[in-house]
Structure formats: C-alpha cells, structure tokens
Amino acid sequence: MRIQGTPGDTMLAAMKGVYIVAQTPFDADAGIDLASVDTLVDFYCRHGADGFTVLGVSGEAGKLTEAESLAVANRYIARAAGRPVIVGVSSPNLAQLSQLTAKVMDAGAAGVMIAPASGIRTDDELARYFDHVFTAIGDVPVVLQDFPGATNVGMSVPAILSLVERHPQIQAIKQEDLPSLNKITRLRQGGGRRVAILTGNNAMYLPLELARGVDGPMAGFSYPEMLSGVYRLHTQGDTDAANDLFERYLPLLRYEAMGFWGVAARKEVMRRRGAIRHATMRQPGPALTAEDHREIDALVARVEARLAEAA
Amino acid sequence: MRIQGTPGDTMLAAMKGVYIVAQTPFDADAGIDLASVDTLVDFYCRHGADGFTVLGVSGEAGKLTEAESLAVANRYIARAAGRPVIVGVSSPNLAQLSQLTAKVMDAGAAGVMIAPASGIRTDDELARYFDHVFTAIGDVPVVLQDFPGATNVGMSVPAILSLVERHPQIQAIKQEDLPSLNKITRLRQGGGRRVAILTGNNAMYLPLELARGVDGPMAGFSYPEMLSGVYRLHTQGDTDAANDLFERYLPLLRYEAMGFWGVAARKEVMRRRGAIRHATMRQPGPALTAEDHREIDALVARVEARLAEAA
Amino acid sequence: MRIQGTPGDTMLAAMKGVYIVAQTPFDADAGIDLASVDTLVDFYCRHGADGFTVLGVSGEAGKLTEAESLAVANRYIARAAGRPVIVGVSSPNLAQLSQLTAKVMDAGAAGVMIAPASGIRTDDELARYFDHVFTAIGDVPVVLQDFPGATNVGMSVPAILSLVERHPQIQAIKQEDLPSLNKITRLRQGGGRRVAILTGNNAMYLPLELARGVDGPMAGFSYPEMLSGVYRLHTQGDTDAANDLFERYLPLLRYEAMGFWGVAARKEVMRRRGAIRHATMRQPGPALTAEDHREIDALVARVEARLAEAA
Amino acid sequence: MRIQGTPGDTMLAAMKGVYIVAQTPFDADAGIDLASVDTLVDFYCRHGADGFTVLGVSGEAGKLTEAESLAVANRYIARAAGRPVIVGVSSPNLAQLSQLTAKVMDAGAAGVMIAPASGIRTDDELARYFDHVFTAIGDVPVVLQDFPGATNVGMSVPAILSLVERHPQIQAIKQEDLPSLNKITRLRQGGGRRVAILTGNNAMYLPLELARGVDGPMAGFSYPEMLSGVYRLHTQGDTDAANDLFERYLPLLRYEAMGFWGVAARKEVMRRRGAIRHATMRQPGPALTAEDHREIDALVARVEARLAEAA
C-alpha cells in the first residue's frame, strides 16, 4: 500500500492506505522527546501505518517553535525509513508557512498539508489565498485540508475542484468537513484530475467514508491497528468484518474525538501501550484528572474485552 | 421518574429521567403535520419518555413562524398528558423570546429553554444578557442551555453558577459544551442551589455523563428506548449493562449526530418505525439521497441484528 | 429625485437620492411611540429625504415583535405620503422573513431589504440561501444588503453579480462592506442588469462613494440635511462644496458611527432637534451617561459653530 | 514627554505622549527595506514621536518570518536612539510568542505588546491564557492590547482590571475596543494599580479619548504631527485648538482607517512625504489602483489647503 519512489517525489496523488496523524511526544517537562518519536513511529508501523502526517492540529503544532517543528519532522522522516511523511505547515503567516515548507521539503518530506487561513469568507478570497500560497511555496506536493471545524473557513465542492484544477501541486485532499459523506461522493463525482481523498474527523465515520470512495484514513487513534484493519478488510470487500472491527473500538474512538482533551486521552492510552514515555500535553492544554484516568481504565478494559471476545 | 405536579409549576429542578428533544413533523409539502405530533408523542412515551423538549435546534424551531411554534407546542402539551413539556424559545430578539415564553407558559408548558444570544463575548455581557432576559420573562422556570457549538458563546463554570445564584428561575442546565465530562463534574461540585443537569450532544456520551452525575438525557434519537434503557440501567447501578445497551446503538447514534443532515436521517428512521408519516425537513435543510437511504438501511439492519443477538 | 409610481411597484432599480435609515422611536417606557414616527418622518422630509429604510439594524428591528414591526412600518408608510418605504426583513428564520415580507408589501412597502443569514460560508451556500429566500417571498422588489460587519458573511463581487443575474427581484444593493470604494467601482463595472447601489456605513465615506458611482446614501444621521446636501451638491457637480459640507459634520458623524451606542447619541441629538419626544433605546441597549451628554453638547456646539461660520 | 531610563526598564506604566504604531517598509520586491526604517524613524521623530510600537497588525507583522521581525525590531531600536520601542509579539503560538519576546527584550526593546489569542470565549479562559503567557515570558514589561476588532476576543473592564492586578508585568493597556469612550472612563475609575492607557483605533477618537483620561495615542497616521499636535494642545488645556487641528486631518484619517487598504494609502502618503522609498505592501495585501491614487491626491490636497488656511 505504500507509495513507491523516494520521499519528496510528487506521487501523493496515488496515496492509498493509512496515513497516521501523528502525535508530538513531550517529556515530563514539556520538552520535545525525540527518543519517543522513534518508539512511536515503530509502534505506528507495527500497527499498519503506510505513512504519516506530522505537525497537524492534534500534533500540537501550534505550540512548537520553528526549530522544534523541524526537529520533530526530521526525526519522523528519519525513522519512517521511506514511508512518506507529510508535514502540516498551515499558518496565518504566509512567510512562515513557506519558510517551513522549504525546510521540511529539503529534509525529505513527501509533501505538506495546508488548510486555508482563518478569516477567508468567499470563494474569491479562497482562490486568491491559494494563489499566494502556491506562488510562495512553488512546486511542492500538497495535501489540501478541508477542516472548517478548525479554520471556520468553508470550501464548497466547486471551489475545491477549481483549486485542484488550478494548482497541480494539490495531489490530495484531507476531507474533514461535517457531514462528510455526500461531500466525498460529490468530490469523487466531480471529474477533473484525480487526487487522493483521505478522511479525518478522528476516523469517526471511516467505514462509511471508505464506502463513499476515499483512499484511506488520515487520522490519529491510540489503536492504529483499527485504522489499518478496517482499511484492509474494506479493500478485501469484507464490509461486515470491517464494521465489526470498527465498532469494537468506537466507544474509545468517540472519547478521543473530544478536541485536545481527547488528544490527552489518546496520549495516555499510547503511553500505557508503551508507544511513548510520557503522556504530557504542552501548555496551554488539558491535564487529565483522576476521574478521567478511571474512565480511560474502564473504556480500555471494555475495548480489550471486546477484542478478546472476538478473538 | 416523572415530575409530580401540574405542568407549569416550578419543579424542573427535580427533573430526573429522559427528556426527549422532540422533532417537528412536517407533511409532504412541509406544512406542520399535527396528526404526526400525536403519533410521535405516543411513540416517545411507549419508549420511555418522561418529558419533552420541543422547538429546540434539532426540532427545526428556526424555520417556524410564531403561530406554527405555538401550534406545535400546544399539540405536544395536549398529547403529553401531564408529562412536562419544555419549550425552546431562544432568539436573538428578546421581544419575540418573551412573547413566545408568555404564550407557551399560558398554554401549559413546564418551562422554557434558553441559550445565550450569539455575539456575547464576556462574562459581564453574559450576566447582563440574562438580567434582561429575566426582567422580560418574569417568574418562569428555565432550562439554561450551554451549547457553544450552536451559539458560539462560551459559559464558564463560575459564570454558570453565578447565573444560577442570581436567577432562581434557572432550575436546570442543559449541558452540551464539549468536552462535557469535567465540566459536569465541576458544575456538580460547584455548590450553591441544586439544579437539574441534563445532557445533550445527541447523547453521544450518555453513560459517561450519567456517571459524572447528570440527571438524565435531554436528547433526540430515533430509538428513544436506548435513552430510557441506558438511564434505567444506570440508576439500577448496572453500568456494564448500560454500556452494552448503549454500544449496540452507537454506530447509528453517531450517524445521527452530524448536524441537520443527521436530523434528516433520524426523521427517516422514525418514519420507517411508524412514528411520523413523513420524514420531510423544512427548507432550507438537507434532503437524503438514494445513497444515504442505502446507508441508513445498512446501519439500521446492523443495529437490529445486534439487538436480536442480545435478546 | 423621488421614484415615480405607486409604492410597491418594481422601480427600486431606478432609485436615486437620499434613503434615510430611519430610527424607531420609543416612549419613556420603551413602548413604540407612533406619534413620534409622524414627527420623525416630517423631520426627515423637511431635511431632504427621498425615501426610507425602516426596521434596519440601527432601527432596532431586532428588539421588536412582529406586531410592533408591522405597526412601525405601517405608520412610516402612511406618513411618508408616497415616498418609498423599504422594510428590513432579514432574519435567521426564513418563515418569519417571508411572513413579514408579505405583510409589509400588502401594507404598501416599496420593497424589502435582505442581508444573508449569519453562518453562510461559501458562494455555493450563499446562492442556495437566496434561492430559498426568493422561492419563499416570490415577486417582491428587494434591496440586497452587503453588510459583513453585521452578518459576518462575505459576498464577493462575482457572487453579488451572479445573484443579481439570477434573481430579477434584486433591484438595488446596499453596499456597506469595508473598504467600500473599490468594491463599488467593481460592482459598477461588472456589467449585467443595472441595479441601484446605495451606501451605508453611517455615510462615513459618502462623497467618495458618490464619486465612485453610487446612487445615493442609505444611511442614518441626526442631521439628514447633510446627506441630502452632499447628494445635491454632488449631482450638481460641485465636489468641493460637497466635501466642505460633509466635513463640517464629520466629527459628529464619526461619533454616531460607534455601533448602538452611536445610535443612542443620534437619537439624543434628534430629540434635542424636536424630531422625536424621547431618545429611549429599547433594552438590551446602551444608556448615555452624564459624560456622554456633555460630549454630545460639545460636538453639536462645534458643528453648529462651523455651520454658522459657513453661512 | 519621553520615558526616562534605559530602554528595557520597567517604566512603561509612566508612559505619556505619542507612541507611533510604525509601518514596516518594504522595497519594490517586498523585501525588508532597512534603510527606510532609518528615514521613517527620523520622520516620526521630527513630527513628535515619543516612542514606537513596531510589528503591530498594521505593521504587517503577520507577513514576516521571525528573522525578519527581529531585523525590523533591531533597526527600530537602534535608530530610535533611546526612545522606547515596544514590539508586538501576539501569536496563536505561545512558544513562538515567548521566543520572540526573549529575543527582542535582549535586543533592547522597552516591552512587548500582547493581545489575547483568538478563540478565547470566557473570562476564565482569558485568565488562564495570560497565566500561561506570563509563565512563559517571565518578567517582561507588557502592553495589554484590547482589540476585539482584530482578535474577536472581548475583555470586560473587570476582566482587564483583574489581569492588571494579577500580573505586575502589565504596565499599559492599548485600548481599542469600540465604543471606546465609556470603557476608558470605567478603566480609569477602576482603581487598583495605575497603568498607562493608550488608544488606537487609528486615532479616530483621539481628542475625546484624551478628555476621558488616556495618556496618549498609540496609533499610526501619515501625518504624525497631528497626533503630537493634538496631544500637546490637549496637555496645555487648549481643547478647542486640539479639536481644530484634529478636524483638519479627519477626512484623511478616516480614509486610512479602512483596514489594510487604509494602511496601503498611509504608506503611499508617507512615500510621497519622503519617509519611505516604496509604498509596497507585502502580499497577501491590497494594491492601490489609479483611482485610489487620484482619491489620495485629492484628499491630501484638501488637508494641505486646510493647513495653509489655518497657518
């Protein structure tokens, strides 16, 4: 399922599979924990990752300096050993966006992910924004992120298709507008150059979205084997088994879907599973209470019981 | 579990149980279908409703004239046969809000539900807004709705507790800020006068929220027996059974949680179950496609299979 | 400068002149003061009004019941004695919008003014919104209001021109996006069916906007003779005199441009000038302090001194 | 009027006078034009600047890399020759905010200006945000910027006073919420530790705000001699002369108040006056049309005529 060719080439359009939206591990003092990046990459790969999206919203990109962002991206790229690493570079500041893009592409990223800057209000402004973006970054493979829940910017299907037509650099779309299902159908039926469509929304609708024609999840979850398992069963045509697998995890999945607090829970579960040393979120950010920990205990126990039952 | 006393009394603070956020049924031409209100109330009651919240966001209140709103509220009150009916009256227009409040209270509503008007930015503005509201509506039992996803107005725990302290009319809180769980804990531990806390968010976190101390769901779902079943099992102390029941429905529940499009799906399922004659949403609103219908077929079939399995 | 024909005909596209955005007068207890509507209309007419826009944002439409809205509109229409009265009917609730539209058109309004509902995010959503609006209201002359400062909805020039093309009912645009000047130029050069373009923004840029090709102000000010004087001098080609006149009032004009608090100041000045009996703003709304009153004293004194100097 | 002591000391609370919100000059290719920083500083000083605020919103800070920001700040500090330079460091990214703060304070800045990050919704969230900010930046003199027009974050008077009480680093407030006048009065009467209050809003209300008790303007204008002249006349108690002077410039002032397009006009006027070599705005940003240039010609000619008349 992995993209052939060297990282950094322009084959994102052929992406198929599981692209993990990866966490940024911090040590107990909220410094970057690069050693945990290595164990985390190994953990993701063991559980079926075909590629990575680093420095996304849930990767706490908004709390890193540029130097830290680069260090994290570089470590992911090194450890991913040829699996494509896409780097989130969205920023209200276009000069910073394009500088970070240049640096991570030099470092071997497969491409960058860009969402429109907050404050864009019309299709016209959206088009002009991306004209500026592509003038600034040049010939770099891009995943266009459609995520109004974070940006408050709407992108209609015609507007997205028109951006794809105008900018050959756009090779994939991360579709996470809600409701997502008919939008996927309309994007797929939209004609024009084929791009990959991956979905986010914490994978809450993954089996349905695969049936609508997406090329895989681009999402994070503390049990990445669910993402890869559902994807594999779907591609094998075994929809029922895909749904059965998905539903075993759904109670925990929806728990992790509650914004940054859900990310804190996700990190805690991954710490328990040995993927990272600390579950630390950098401040400002949530800290789990004792009651939260007990809830996580119970949710994980139920998921594990379901898995044991099914095995 | 039902509130004793006549509707319209001030006992909302003692609310416990299942308060269905009720749909507004339309006929094929998008006119109000009052006959379907009767069958719908019966359907809800058969499946464990203790009371109703009508003319909420998902009840399409924003598409009705005042006369239509009154007709719907009256029909619900008449058919509910003593079960409390709370009427959503939120409006950016305080004169309309208070006029509708007066009329539905005269008609026998148990109280009204009010969310702060969009555009409020500080605790100070929030406090002044509700001073105006309570001056305008007088001595009416109120459910305070904390729903930033719809209003874009944040209400901190101290701000909510201070509103409760200042306005004896506030007898319950509909808590549907996300993440909800620690907010519920903090509201419960906040001290002061006891008010009921019900939860919304399409009941996506119901078992967890009950464990955090809420008094029941105030939510809509095409299988209201899930809401009442989970509530009953929880109050009996059978958490595992409550979770088991909840999880059978979760795949459909999360499908119905996708905004107005999810409401369209909910109406369609309720139409199939005989609760209403038409699944019509009034325009502007979503219309289900053939593909959506097939998805609903499959989701409902899976839920029913799970239920059969468990029985 | 007045539109010929009976009110209610479809000649808004030919509008030229001064369309006063009219206040709603309240008595000391915040009830509607219909007697003051009469004196206010006479005041406006004495100072050059060619028509009226009632129940706009600054007319406190958002604080009136439907019955009050109708009473105010009817009184304006009756007293205007044939001058066109346009009625603001914008509402997040399309059923209420269309019901009010039907009633005021029956009562003799020349047309209605409609801004898009808050929450619209793309050109596509904008187009669909107005499809619903025009389906609902039918063949009614409409002023399309472009006022992102109040609605938070952007409308690009191509999107506006496309609405005009699609809906013959749109006969005029109230252009009050900021910066306004190049947008006016681009709308005027946009081709297609000619519509009137009036400007708002509290007339802060009136002489410049007239030079850019607008057909007149649609704005409120406590000295409406400024609006009509500037318009008249501009149409006579005397730009310098128009600017001189405008600038005499500018210090007060910018004072009245501070949102609802500015409206409170405007009402107070008009009360002093005998146009209305009370300066009351309905709650929630600002109340002027003693310090505000002293500021208004001083500002008015300076304006009057300038006028005396020029005379 | 200048602050005594070396730049970087903690005397911002004693600020009185004219703090120019300074432009960032670019060359024809949109590179930083450091030579023009020198001529611009000299221009500002010749016209009465007591200090500078650099890298504010209208200083196009949002279009610079960190290295460019530092280069601009350093050049301003060097050329200002002891006049205090305050550096805007607001950012949604707290790591970047605190890194830039440390670097500019090392470079000799007198303090930094910080507005709350977008998305803050309650007094509670506001308080926690600034707890994080001050933990991160440590003991650095801060101007707290109250600018909801840019941030969409409201800060009530009690919330601001409470921040001042809690964080001794806050030594001044840039007050540019609208309407501003009563908010200034309430902040001044609020008691507690005295901080400087400067006003922004493009100085559109400067004489009134001085009368309400502010310590001077913190604003940009192509004729900074207006800012210093009005300030000087006000401190001499000659209110009428202050108003006369202010009103001569008001038509141009309100032209420059139209967002980034107004900044483009301001840069063009300053280019004409020899303060900078190019009027370039960095993209994305407005570009003036031929019609805009003619408008500026006319506006400047009228201002100059008024000044000649008065002389």
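Letters are used for the chains, namely A, B, C and D, taken in the order the chains are written, and counting of residues starts over at 1 for each.
Keep in mind that, in the parts below, contacts are C-beta pairs under 8 Å (C-beta built on N, C-alpha and C of every residue); 3 or more make two chains touch, one makes a residue touch a chain.
Which chain is which protein? Per UniProt: A, B, C, D = Putative dihydrodipicolinate synthase.
Because the structure is predicted, anything quoted here is derived from the model rather than measured.
Here subunit A and subunit B face each other with the same set of residues for the most part; over half of the interface numbers are shared between them. Ranking every chain by how far its Cα centroid lies from the centroid of subunit D, the top place goes to B.
With each centre defined as the average position of its C-alpha atoms, the distance from subunit B to subunit D rounds to 48 Å.
Between subunit A and subunit B, the centres computed from C-alpha atoms are 33 Å apart. The centroid of the Cα atoms in subunit B and the matching centroid in subunit C are 39 Å apart. With touch defined as above, subunit D holds no residue shared between interfaces to two or more other chains. Residues 62-66, 68, 92-96, 99, 118, 128-129, 132, 135, 282-284 of subunit B are the ones touching subunit C in the complex. By the touch rule above, subunit D contacts subunit B in their complex via residues 121-125, 148, 152-159. By the touch criterion given at the top, residues 178-182, 185, 204-205, 208, 211-212, 243, 247, 250-251, 254-255, 258-259, 261-262, 286, 289, 291-292, 295, 302 of subunit B touch subunit A in their complex.
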